[in-house]
Amino acid sequence: MTILRTDGIMMRFGGVVAVSNLQIKIEEHEIVALIGPNGAGKTTAFNMITGIYTPTEGNVLYTDEHGREVKITGKKPSDIAKLGIARTFQNIRLFKELSVYENVMIAKHLHLKADFFSAALHLPHYKAEQVKAEVEVEKLLKSVNLWELREEKAFSLPYGQQRHLEIVRALATNPRLLLLDEPAAGMNPKETEELTAFIRKIREQYQLTIFMIEHHMELVMDISDRIYVLDFGETIASGTPQAIQDNERVISAYLGVEEDA
Amino acid sequence: MLKVEELVVAYGGIEALKGISLEVPAGKIITLIGANGAGKSTLLRTIIGLVKPKSGRITYNDKDLTGLNSQKIVTTGITLVPEGRRVFSNLTVWENLKIGAYMRKDEAEIAKDVAWIYSMFPRLEERSWQLAGTLSGGEQQMLAVGRALMSRPRLIMMDEPSLGLAPLVIKDIFRIIQEINAKGMTILLIEQNANMALKIADWAYVLETGRITLEGTGSDLLANPEVRDAYLGKKKS
Amino acid sequence: MAKKRNLILTVILLAGLFGLAWYINFETDSYLRRIVNLCMVYAIIGLSMNLTNGFTGQFSLGQAGFMAIGAYAVGIFTVPVSLRPSVFYAAPMHPAIADIHMPLWLALIVGGLCAALVAFLIGAPVLRLRGDYLAVATLGFSEIIRIVITNAQTITNGALGIKDIPPLNDVRYIFAFTAAVFIFITALINTSYGRAFKAIREDEIAAEAMGIDLFKHKSLAFMLSAFFAGIGGGLYAALLGTVDPKNFLFTLTYNFLLIIVLGGMGSITGSMIGSILVTAGLEFLRIFDEPLELFGVAIPLFRPGFRMVIFSVLLMALVLFWRRGIMGTREFTWDKTIAFCKNPFGIFGRKGVDKA
Amino acid sequence: GGEKKDAAKSDVIKVGVFLPLTGDNAAGGELELRGIKLANKMHPEVLGKKVELVVADNKSDKAEAASVAARLIEKDKVKVIIGTYGSSLAMAAGNIVKENKVPAIGTSCTNPQVTANNDYYFRACFIDPFQGTVMANYAFKNGAKKVAIIQEVSNDYAVGLAKFFKEAFVKLTGSPDSIIEVANYQTGDKDFSAILTNIKAKNPDVIFAPGNFTESALLIKQARQLGLTVPFLGGDTWETQEFIDVGGKDVEGASLSTAFDREKASTAEAKKFLDAYVKEYKGEPSALTALAYDAYLIAIDGIKRAGTATDSVKIRDAIAQTKDLEAVTGKTTLDKNGDAIKAAVIKTVKDGKFKYTDFVDVK
Amino acid sequence: MEFFEAFVNMSGGSFAQHMVNGISLGSLYAMIAIGYTMVYGILLMINFAHGDIVMMACYFTFFGISVFHIPWYLTFILVIITTALLGVVIERAAYRPLRDAPKNSVLISAIGASFLLENLANYLFSGRPLRFPNIEVLSQNLSLGSVQIQAISLFIPVVTIVCLMILLHIVNNTKIGMSMRAVSKDYEIARVMGINIDNVISITFAIGSALAAIGAIMWGIRYPGITPMLGVMPGLKCFIAAVIGGVGNIKGAVLGGFILGLGEIIIVAFFPQLSGYRDAFAFIVLIVILFYKPTGLLGEKTTEKV
């Protein structure tokens, strides 16, 4: 089943066309990578999907948990998150001054049913919801070894752990589709390998579909089911890792000639 | 020429650098590798005067730089390509380059250097009049490198220039690093991409949580099993 | 276990404070009562301002306007009907409201609700703005409210103001309101909603991507803030017994700004401490306005106006040298207090993970 | 020094003075403080004890005014209070004096609400309705048929005067159209060119413009610049040197009503006051100074007749009975509201001075 | 309807007079608004004390001419210099120590600085108004047909436009201008480029305050009463003018100034019964414009890059 489909979306900033006529289709439970040179428009595509930018043209269509296809173009980012799309950011955007624990608990807010009044009065139905959320958050934090550090402020974590925390925070929204923008940026090869394993694990554990931007080719080739390649805002290729690796256009625009170490 | 002795730097109460000594001889490429949060950026920020050290000494050609402010330090011919690019987003690409040459007065030479940088990064020339803030990450990184070069530094310190760049561009950047090194510039390079960095380095240091744990020539470290295990990953070589 | 202990301690503290309020009310002079009352009213308004500015990170300067709404609700509805003709001597009160009379507590709530309603209406245009823009727009709104009040002669008595508001100087009454507001805001901040507010303060884009509806939550914080500011303004009016538009110049908001900055933006207990220090401090500084004679020589520095000079210097010194205020974003908690009592020097050591 | 005060408790009588010495109304407060100090100098004793002034600044702010009044009563234990300039400030203190049963005597707070429903507030000045009516009569008497009003809408005093002027003038002319325009401005406004351009087009005979003297002086200046030559009328707030300083020759011919003038100074007290004033401060005293002086006189007269300086309720009762007191602004009697019944003087600016032009007695 | 009536009833002379009034007020607002925008453009902070700098400049002029009897043209020059220095001092004392602080601290410090200047003026010069020195040449009245105009009102727009031109040139085409813009974005890296950011910021403040002084002199001649609170309302309105035009944008400040000045006059001219709401007008315009253009009319439209 297709979970996400973009129907010719285009984004223009002033004179610059950052993305044009982008056609993407993601099947449920796939891991799809989006690669391409810097400035190709990858992050912009993510921003259009998550509602941070509204496409100048075209539509983004998402199939919700009931199997209905809904148009999410023009919806607020928060509503899109509620539909089950979560993301991380290219430049980490944690709630810096808040604790690790709070960072993740915040992500649980979107499913809260109690209104502010019953929350402030700590009425039982609010409390029940919170206890459930606390249990889930504990589990998530333990899975990335951040439970011990839960009282630390987010900014004081080392970079790698911040990346992990951001992913866990996204997971806490109970997404069906997870968008990762350069999760391995700034990681050395060893950490990148660990991350690969982690992404695989969460996909299985939470039955996720993953759509990911990445420049680390080992990671991309290793993990993706399919790859889209963007250049100058347009799709220049798509297919399996093997096909992409051998694609002439991709090599000349992005990968470069493989030289051995 | 650049010498760091027993440098200790603390943020609040926490020491990010716990007594580091290293040397950057003229004309060489020196690389510093290490995990996230090891203190690499802190070292560069301290050298350039953005952070004041708690103790230790930094000298450059025997001039004591410890505790001077950045503005003084850069006049000695040191420059920095900062982590996360930090181009002036409200200035055009061209103005960013011009401001790189802020301390220079030789207009004719500046124009030549701009042309040189454009020839290295044709992408920037296309975008000459675009505000730098609207460039993509990779374009901004090119600009940050270009801007640093405009001051005609003798020592250029680069903080993860390959961060978030496409493989093709990374190769370009590394090629350029070697190119400018060949022109006589000294380079202090911080990289996550240890593989490539060690390949071009004359000498390399490994930094772990505020301390230097290993040093050696680039090829030595590349061959070192500990390093390979910790920073290079299993596959590929 | 610890939770239960904390609850008991809190109840004891509140009871103790209420006893103190009782004592102040009956055993001390009206000057002290007034100062104490003013402290508490300022605390309510400081708390309300902290909700938007400190917790939600929306720098709003509209507190004076919301206070004005609450104050006028009290002014309009609590003045005895028989006295109204002499109050509205220039132009009679509008017949629609001329006979509506309410007890104080009801008028306070009506005032709070009106302020919240106005906050809801203006929230739509202004809450989209960030930082300085929001500050100026809200400041502008508080001025508009004041100008409207000035011109709405038959409802507000315009510049003539309203007097003969039944005076309130009962420390217990105001204490009860202050305690209620304090407890409500504390409880709210420690819920999921409170975390959502803080998330907005930290990073709006990330908060939105985490499913927090920005407008809804900002608007909620803004309305609650206006509601409490309205209540505070109403108590303020009852305390003074008279209101007029000049009371609510935008500079009034600066007092509360000072309170929350001094106490620490984003700290509830900080706001309480701030309001006491500012109100009592301003009273104390009054000695600078009185001529001072040292050894028979009059010191020429001490004359009216000197106090405010010192006050502004203190305000600046505060932000310059102590910018996070007394509490920062921390709170006074029983856990920390007890830990402190057990080991008074522990705070100097490195803070570990102290929760079990 | 506080210790000294306590030691000498028995042989001094403390009188509280609360005035705006800083803030918007500082200028008025300053002038009134002069009057009170002067009066204290002239009449330093009552009941054989020395009268000591306890001066407090209410910062032109209501919350402050209330605190300061409470402080005077509780900390300084004064049994009678004098003040203040600014009706809203007086009203803020109104509840305090009522609650503590300490009488207060307003200097120049002219809003009727100050004394209404408050047995403990009195005043030495006349009230806005009276003043507005006086000016309407004066305008009518001098042949005005069409009047434009420009009021400082955020100022209770100006709004009160304007309202009673309008009523009286309409009654006198019998035509509601005789008021051709009522324009508003806010305290602190500096530019009046638009209002004045409109009014100029309507050709009034005279403009009544009650308000603060700073704004009013600027208003008249701008009127002259726009070629508007009709006379301006205003209220007692104009009677300050600053009005003439700022307005310069443009305010020549502006008329106002006030409580006091040298030429109409009929009482012996007035002569004493004038001499003392010239000696102390030079120049011509303002009516505010005279009223403040009178407020002090009313206070000590009350204490004298009450025969006690400690029982504030008795003092209040005595003050309420004030009748034909020899004061600077004429023989003073307080009516049942506690307001002084007083004649008004009309003055006009001439050669940079306020000159007596007319006298309006109470009917 | 009322508007229509007022319009029909208005004679040509009145209309022209209103326009003259509006342009003169508008250019005054514009002049002071430019100063706000300058400082905002570089430090990204509202210099709340700007209005009070205007007030201080008025007192300086008073002391120069009325107390020390210095010829007015010399006084003007001295006042511009002194005020520029005052601006620099304020920056050093109140803003420089907060270079690395969160924006809110700076905003609060600015409010504190404004408060301090007002209280200081109140304490030193008392709350009683002083008369701004009368300079006959500039304050005399001229008649153009039925339109009355004060000599200074002819100069105000000219001076404002000239200042605008000079400023635009400095900011866009000079090295110091470029460094100002660089400092406004990232002063840490600006330092690494060898820019002395303290100097750049001082220069910015000096220019902004000098403009405030020029504005103050023109303001004083036009509205010659000086009080410690003099700067508050103009300060607020001119700031609003700057925001309407797009804070940080110099042309925007001028545009905003004219919109406010003319708008206020037009409100009173055509809707006399709304004259009491005149001050609210500025705020209403502000909110309406921000609603449609959150960064002001000429402010750069930014989509935050994520």
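Per-chain residue numbering starts at 1, and chain names A, B, C, D and E are given in the order in which the chains are listed.
We adopt the following convention: a contact is a pair of C-beta atoms (placed from the backbone, for glycine too) under 8 Å apart; a residue touches a chain by one contact, two chains touch by 3 or more.
For clarity, every value in this text was computed on a predicted model and none was experimentally measured.
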Intersection of contact partners for chain C and chain E: A, D
Taking each chain's C-alpha mean as its centre, the one farthest from chain C: B
Farthest chain relative to chain A (centres taken as mean CA coordinates): D
Pair sharing more residue contacts (C-beta pairs) when D-E is set against B-E: D-E
Chain A-chain C separation of Cα centroids, rounded to whole Å: 42
Length of the line joining the C-alpha centres of chain A and chain E, rounded to whole Å: 47
Distance from chain C to chain B - Cα centre to Cα centre, in angstrom: 51
Where chain C and chain D are represented by their mean Cα positions, the distance between them in whole Å: 35
Residues of chain A engaged with two or more neighbouring chains: 13, 43, 52, 89-90
Shared-contact residues (touching 2 or more other chains) in chain E: 122-123, 126, 276, 279, 306
Sites on chain C at which at least two other chains make contact: 147, 150-151, 205, 305, 308
Every chain pair in contact, whichever chains are involved: A-B, A-C, A-E, B-E, C-D, C-E, D-E
Residue ranges of chain D touching chain C (in the complex, touch as defined): 1, 21-22, 26, 57, 59, 62-63, 66-67, 70-71, 73-75, 88, 91-92, 94-96, 98-100, 111-113, 116-117, 153-156, 158-160, 163, 184, 186-187
Touching residues (chain side chain B, partner chain E) in the complex: 48-50, 69-71, 74-75, 79-80, 82, 86, 88-91, 95, 98-100, 102-103, 133-134, 147, 151
Footprint of chain C on chain A - complex, ascending: 50-52, 76-79, 81-82, 86-87, 89, 93-98, 102, 105-112, 114, 116, 119-122, 126, 130, 133, 148-151, 169-170, 173
For the chain E and chain A complex, residues of the former touching the latter: 303, 306
Touching residues on chain D, where the partner in the complex is chain E: 22-27, 30, 153, 181, 183-186, 188-191, 193-195, 197-198, 200-201, 213-214, 217-218, 221, 224-227, 242, 245-246, 248
